[in-house]
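Provided herewith is a single structure, encoded as structure tokens, for subsequent inquiry.
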Amino acid sequence: MLTQFRTESASASQSATLAEAETLASLMVEDEAVVSDAPTYLPEAAGASLLAGLLLTSPKPPKEKPTR
Amino acid sequence: MIDTHVLATAQRFGSRALTWLHAAHRDGLGRIPDNTVVDLATPNDAYKPLGELALAASVVLRDGVAGPAGTRAARELLDYAWEQLREGDLLYERQLRHVTMSDPLELYGHFARAGYRHPALDDLLESIGRLRAAHAIEIQGNRRLAIANARRLIGLSHQPDWAALTAGTWLGALPEPWAVEWEIAYQNTHTVFHLTDWGAHPEGLPEPIRDYLHDWLPAWLDIWLEIGQWDLAVELLMVDACIGEPITGRQGWDALAAVQRADGLVPRDANDPVSDDREEAFRENQHTAVVAVLAGDITLARALGADAAAA
Amino acid sequence: MPFAETSLREQYAAAVERVAGRTLDALRGGGDPAALVEPDAAVPRPLLAAVRLLGADLLAPSLFGGGEPDPATAALLAEARRVVPAPAPPSEQAALVIAWQDWAAGRLLVRAGHAEAAPRPAPLPGPEDLGWQAWSVRMSQLSVLALPTLDGPVHDAALAHALALARGTVRSMLRRDLTTAARLARWLAWTEAEGRRSRLDLEPVLDRIALAGDGSARTGLELALARRLLDRARPSDAEGGRAA
């Protein structure tokens, strides 16, 4: 069976082999995204809310006050 | 059975936030300016926060688990807020002028919970409740629940259709939990707060919504803790207390206790440093203090209530 | 030589895309992954590394076809495991993940007559030790195990903690890490194929990742495998011609 593939001979140098082995491992075990891009405060969403929408709800907006 | 570590953390967290709020108001922060008229130019500055203060203090008194110092602080804060609203006259005048405005009704509900009444306002609200106009205003589902709960607290005769109101909320649709946004998350917390009257009636939450929150609340808490949205995280812990048996465990409480300062201030989020200016620090973080008081109080009250019921 | 390392990673990543794309084609009925290799031509080393890396997933098309691992593909995978240097993981945890991935490939190769049965790797810690968040990330790294006919302690853990997998999926979706979410959704689809109804509605999750994800063939393969697993969970739905 194996004869149907001709594979290239082993790499020349040890460092090349180590680099291959490390690269392989990093692609086999991918970690999750380091930085979360979770949803957060959107000025355009809160800007539309008048008092009625904000009463007893969220603390924002602190700086961008809705214009009335 | 709730973890005693969680209970101890929640108790300490809430009572320190209450101390911070009490000290700030004792020192004159958050007052309504003397020249205020019923057409508030900036209702979010002092008027809305006074309502939130009354909410927290009235729930502390209702639950009776704060100990003597906490109970005294809550009573003083309510007296102070009521006095700031001119014993309800400000609410009455605002409601008289604006028939379909809901904020006087909602603020009054929290005072009524603690026995602060304004008879003329009671009559006015009862009369307005008979108007088709009062029920025809076009607002979000969770806001309708806020109004319904306020009417319930005040004891008005109008009986809302809670099931229909619940169906009109985001949570009522049991949506894909990964589609939640920051703003929607706040709306969801309030749907739970009003349906359960801030934890007094966990059974007010329909079973499918309870199951939904049981499944997904841990994921929501986790992602907002990770990006330091402390205010929202505290609200989510309050939700956890309001739905009965808490599901999220120690993660949130430990994280929030770690960011609470020695004076009791809980920073609203991890994005902006807390201002060195006391007034600004108060303005920006008072909402988080209110929800911290509520989250600690309701967690404790539900756990003790459940224990008492089991005993 | 940082330049050389970057370029090696890029070469490997490109080869993974080729092999994953080819496997996707095979899954849709277009030949087998071994067709990547021309008879009697030298197999480029990055391609072999990619074969080694995708491991058991290469054999997924024949497994979903209801048969035994495709002989030519199994031969290619066995050759890749023989020739490509063993991966060098940066941590013990990563080594354990790779050991389990290799276990999955080894199990299928044994059935194709290409390997000796290898011992089971050490057990993985569960969500009660790691927390559901870290555990679900670990499971996402093991998504290659979520294949028909494979079974073992990792699969038992997936069934026992399906809600933790669902929470992990939602968490990754909300962090906008759709690559991790795709791998977790595949596990959930596997639990559905085992007869457990997921607490999370998976169709919209897969649609969302297909539309907003990284668009890679590797993630596309995860999604396609998840859909095929869902088809097994609900055979009557599969008549509707859901795209694999």
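Every chain is named by a letter (A, B and C) in the order it is written, and numbering of its residues begins at 1.
Following the convention adopted for this analysis, a contact is a pair of C-beta atoms (placed from the backbone, for glycine too) under 8 Å apart; a residue touches a chain by one contact, two chains touch by 3 or more.
Remember, predicted model here, so these are calculated numbers, not experimental data.
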Exercise. What topology does the chain contact graph adopt: line, ring, star, complete, or other?
Worked result: complete
Seminar exercise, completed: Taking mean C-alpha coords per chain and comparing to the overall C-alpha mean, nearest is chain A
Exercise. If you average the CA atoms of chain A and of chain C, how far apart do the two points sit, in angstrom?
Worked result: 20
Seminar exercise, completed: Cα centre of chain A to Cα centre of chain B, whole Å, reads 34
Problem set entry | chain B and chain C: spacing of chain centres that average the CA atoms, whole Å | 46
Exercise. Listing for chain C: what residues touch at least two other chains?
Worked result: 174-175
For this session: Spell out, as numbers or ranges, the residues of chain B touching 2 or more other chains.
Result: 180, 223, 226
For this session: Would you please write down the residue numbers of chain A that are in contact with two or more other chains?
Result: 36, 38-39
For this session: Can you check the complex and tell me which residues of chain B touch chain C?
Result: 176-178, 180, 215-216, 218-220, 222-223, 226, 251
Seminar exercise, completed: Listed in rising order, the residues of chain A that touch chain C in the complex are 1-2, 4-8, 10-11, 17-33, 36-39
Seminar exercise, completed: Listed in rising order, chain C residues that touch chain B in their complex are 131-133, 163, 166-171, 173-175, 181, 199-201, 204-205, 208
Problem set entry | Touching residues on chain A, where the partner in the complex is chain B | 36, 38-42, 45-46, 51-59, 62, 65, 68
Problem set entry | Footprint of chain A on chain C - complex, ascending | 4-5, 8-9, 12-13, 16, 37, 39-45, 48-49, 52-53, 71-72, 75-76, 78-79, 82-90, 94, 97-98, 101, 114, 137, 140-141, 172, 174-177, 179-180
